[in-house]
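What follows is a set of structures to go through.
Two complexes come next, and they have one chain in common, subunit A, joined by subunit B in the first and subunit C in the second.
Right, the complex of A and B next:
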């Protein structure tokens, strides 16, 4: 029977192409607008590492000024000082932990045919790779021994490997950065978590990834300044690099992996004790305010999905509702025009339920057609967004999951829009129409 | 086959009550051909609608093929309509978007027959009314008489126990009306009970029994039907 309803629905749509086209267009406009906004919202608000997002924690310590909070309401700084991060990263109190900051360095290829490149990388610990699980194309991460020994090793991105080594397996080869050679131990495959949760503060949640990774401890001799946010509430005591490292300026991120609530409690106690000790040394003038935020909580704290995005999504949903209201009117006109047919079918043995299913099938078919056209419009909208703002490339993709979601939204919306007209069609008293046919 | 006793039908608005049928009683046996006559507004169509389970009555008893229909669910009433009744209307009431084959197919779909069985019944019904060669035509391509023959084929395809015909020749010229009447007589001869509303005394005279309705009541009986037990009050 369902095939019969589908066949009748297809015939009905074909039989009134203008009215059907108007309804499909109304649904498509609503779906296209809503899906354009929703695709961006979905990309912004998705869980970038669902299988362990509740095990990875960003660590914040409140070393800020006694006069005012870093941000209201009473938020600690988004990053921490070099010395705190270094100590906590090397204390080994969690299963995995890594401090990191972003740097800019020049790549000087050994191949004279390739011009030097300005690249951006990350000073971090080997645990970075175990925690955030970037996929390796060749080789693997450096070791904790390299961390301790300040090994001159590097992991590079697929893109940098393509540009400098022509896409070959470069493991074991040398990469020259700012005049020093580093042995490539690993080449990453494409690594684009969305949002880029481990560095929303500096690089931005939707920006390009890093070209290279170096052991954090190499900074002892490289003395690099961060290529990212640096906030200070007091000037360094002395005007030297060591003075900068010892200052209360915050520019290093710290992440830990805690696999159970007990580990989390223990780690919270550990950082609270650490800050307590520092307070006795005259630091951390504010009340104890240390935070452990898992990935999704961290993305909320950092307002990765901003108010504008929420407003845009709300407006597009309201527009979808307006389109659906128009569709209700058009469906009502179409369905009630067929009151005679309903009466004949009822006289020939169709129950109200069967009429209801027939007309809802037609609504669903309209919704499916609206979804297809709407997806086309959404693709167009996202292409325009990409053209207007190339930075939005990662946010403006329509994957098969979103396409299925659009289909489900559209069919559901059309079914909802069709409920009242269908109910009205079913309520037609058959006898009243048969004589007047 | 069909029995109504002291049936009432009242249409109510907030201002007025209209009694379309009052203490209406009739009994129709299997195989009868009953012509229902009466002036406009007398209650003929209301009687047909209630007989065809298209409307519910306000009071009294109505048994169709031994089943008391009062209080049946919409689903059950629809199934009874589909299985036991066939309809022929003055305005033909074919679905214009469907060709003849698909029009005749409509009641069979609701019966739940398989594709082969439906095809067999449709072809046989169209052949019975002489339109099998035009199965793929649409109603608008046919004359009025041909459209009414399609409506008859649609009613016949489900092999109903009773055929309800509401002024089946009302929109046809006399030649076509005679042709339709001959088909109905043939159907009745094969055992199907027919109840036909008509204004045409000539056609009514060809039925085996006449029922006259005035002001929602059966007022007169004419005609004969061998062996029938007609228990209809003359005047209420």
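Right, the complex of A and C next:
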């Protein structure tokens, strides 16, 4: 019976190609526009590490000025001072923890045929690899022993390995960074979580990743400045690198892994207690305001999905609504024009339920056709978006999941749009239209 | 023309017309807000950076080893070399450039009291070649003197003796003056409570922009130049101003030449100022394009919907129209009927739409950084939508007017 309804629907659509075309076009334009914005929004707001996003926490301490908050409403700084981050990272109160900051260094390949490169990397602890789980192509992370012993070791990205070592397994070989040699212990495979949640502050949520990773403790010797955000509410007490490390300037991030709510409570108590101690030493003039944000909460706090994306999504959804209103009107016209046919079918014994199913089938068919055309329009829209922001390339893709979502939205929308016209068609009395003929 | 019979018809079978009204209302709400956002973005994109945008490039180098005194020596060597190159107007060590989206900022005050009104400003490093190197417009005072320029390492607290500030910053800092030039010779104050220091303002430049827009619109125009050569570890960055027409040639050769001058370093690809500008306005541009597409499609859908529905009514009412014609109604009467009907329903839609538009704007203003909608957008949008509605109605209404009276005598 359903096949019969499909046949009837297809016949009816063919019977009035202009009106049907108009309806499909309206749905397709609505879906195409909405899906263009939605695909971008979906990619931006996705969970980059679904299996443990509830266990990874960004830590913030409020060491800001007594006079004003770092950001309203009463937000603590988005990064930490060096001394606090380092202390907490080495205190070991969580299962895993790491402090980190981004640096720029010059790579001097030992092979004279390869030109030197300016690269960007991350000073961090070995726990980084256990927490954020970057995939290894060769070798593995350095050890906690290396952390403690300031080991001259490095983990490099697949891309840097390709450029400096021609893609060979470079584990055990030396990489020359800013004039010093580091032994490669691991080579990562492509590591592009989207968004790049562990550093949305400095590098941007959709920017390229790090070329290399070095033990944080090496900074005792290297005395590096961050290649990223640095904010101070008061000047360092003395004009020296140590003065900078001891200052209230924030430029280091701290992440911890806490596997249960109990661990989370304990850790919150631990940092509150730490800040309490520091307050007694005259630091942390503001009221206690320390935060633990898990991955998704951190992405929200940092407004990773920007205002423009929200506005585009909202307006394109409103546009979809207009397209649907339009479709309701057109369907009403189309269904009521066939009042005579309905009367005949009713007079010949079709029940209201059967008429209902027949017309809803037609609506669904319109929705499906609209979705197909709409998906074509959405890929066109995304191609335009790609041209407008080439660095957001990976955000502008349609995948099968999104296509199914579009189909579902479109068919649901068409069914909703068809509901009232169908109800009106069902209400037509069997004989009413026969009389005038 | 009697309105009452038209109203009666509308009231008897309101659904189709309500649909058109709602469609008009939503369309108006979206279109005026979108158009307003588009206009704001296009305005943003017209902003000038206040420097010689077409002829500037930046290039930076990072040495493999050495300390800040080596960086200073390299910087001096590079600048001497760059300034001597044919096709180069001048060159200067910089920390950043307008619209570069990263840089330094601070808050300065007009008096020694640290609690006095603080004005946020971007900080640029500059030397005596500032005006020539960036192509700035110095509207009062003097450039830095060569003797005033000192090297600055990251460990120092930034305490300049003299500064050159933007006209906007002068006015923001000293509310009592009405001409920025009056700020010359005055002092700005900075530093923590127990470590205050004053900086004499020796020059005023006009139109220069900060590297970013900051949290408020103000900071975009607040700029202070300080007389230092920035030494950021082993890295030196330079702004190079080319003679007209020479930029492309320099872009192709500078990296190679600086590397040959001193091979113990990485020299990065030079970037033109236009690239900074393009990146800076990328978001505005894509927003403007995306919303323009939505507005265009929305109007299209609106027109198609009205044409479609009114066509249906014309078909449905063919017999009545024929009867009216037979009873003496002119073609004009029939056309008028449909136009008045549409005008009535569109007006209702526009009224509702105006309320929706204000509500949408309120929401956008509270959630995002969107300004209040000026009333003329609403007025213009309403009028445009009414006219579009009437034009769209004309298509099927003219067909209705062409229905011959004789049709009344036939059964449909």
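Just so it is clear, the second predicted complex is superposed on the first by the 434 of 437 C-alpha atoms of A that agree within 3 Å, B and C clash if a C-alpha of one lies under 4 Å from a C-alpha of the other, contacts with A are read in each partner's own complex, and residues count from 1 in each chain.
Operating definition for what follows: a residue touches a chain if its C-beta (ideal position, glycine included) is under 8 Å from a C-beta of that chain, and two chains touch if they have at least 3 such contacts.
For clarity, every value in this text was computed on a predicted model and none was experimentally measured.
Superposition model on subunit A: subunit B and subunit C are shown accommodated side by side without a clash. When the two complexes are overlaid on their common chain A, residue A:35 makes contact with neither subunit B nor subunit C. Shared-chain residue A:340: touches subunit B; no touch with subunit C. When the two structures are aligned on the shared chain, A:308 is found in touch with subunit C, with no touch to subunit B. In the superposed model, more residues of subunit A are touched by C than by the other of subunit B and subunit C. When the two structures are aligned on the shared chain, A:371 is found in touch with neither subunit B nor subunit C.
Angle at subunit A (Cα centre) between the Cα centres of subunit B and subunit C in the superposed arrangement: 100°, in steps of 10.
In the superposition on chain A, contact is made by A:116 with subunit C only, not with subunit B. Put simply, the nearest alpha carbons of subunit B and subunit C end up 13 Å apart when the two models share chain A. When the two complexes are superposed on chain A, the residues of subunit A that touch both subunit B and subunit C are 436-437. Taken together, the subunit A residues at the contact with subunit B in this complex read 1, 4, 11-12, 15, 340-341, 343-354, 429-431, 434-437. On subunit B, the positions that touch subunit A within their shared complex are 45, 49, 52, 54-55, 74-75, 78-79, 81-83, 87, 89-95, 97-98, 106-107, 109-112, 154, 158, 166. Within the complex formed with subunit A, the subunit C residues making contact are 15-16, 19-20, 22-23, 26-27, 29-30, 33-34, 37, 62-65, 154-157, 191-192, 195, 232-235, 265-266, 268, 282-283, 285-287, 289-291, 293-294, 297-298, 300-302, 304-305, 308-309, 312-313, 315-316, 360, 364, 367-370, 411.
Interface residues of subunit A facing subunit C in the complex, by the touch rule stated above, are 19, 22, 25-26, 29-30, 33, 36-37, 104-108, 116-118, 176, 178-179, 224-225, 234-236, 239-241, 243-244, 306-308, 310-312, 315-316, 318-319, 321-323, 325-326, 328-330, 332-334, 336-337, 381, 384-385, 388-389, 420, 424, 436-437.
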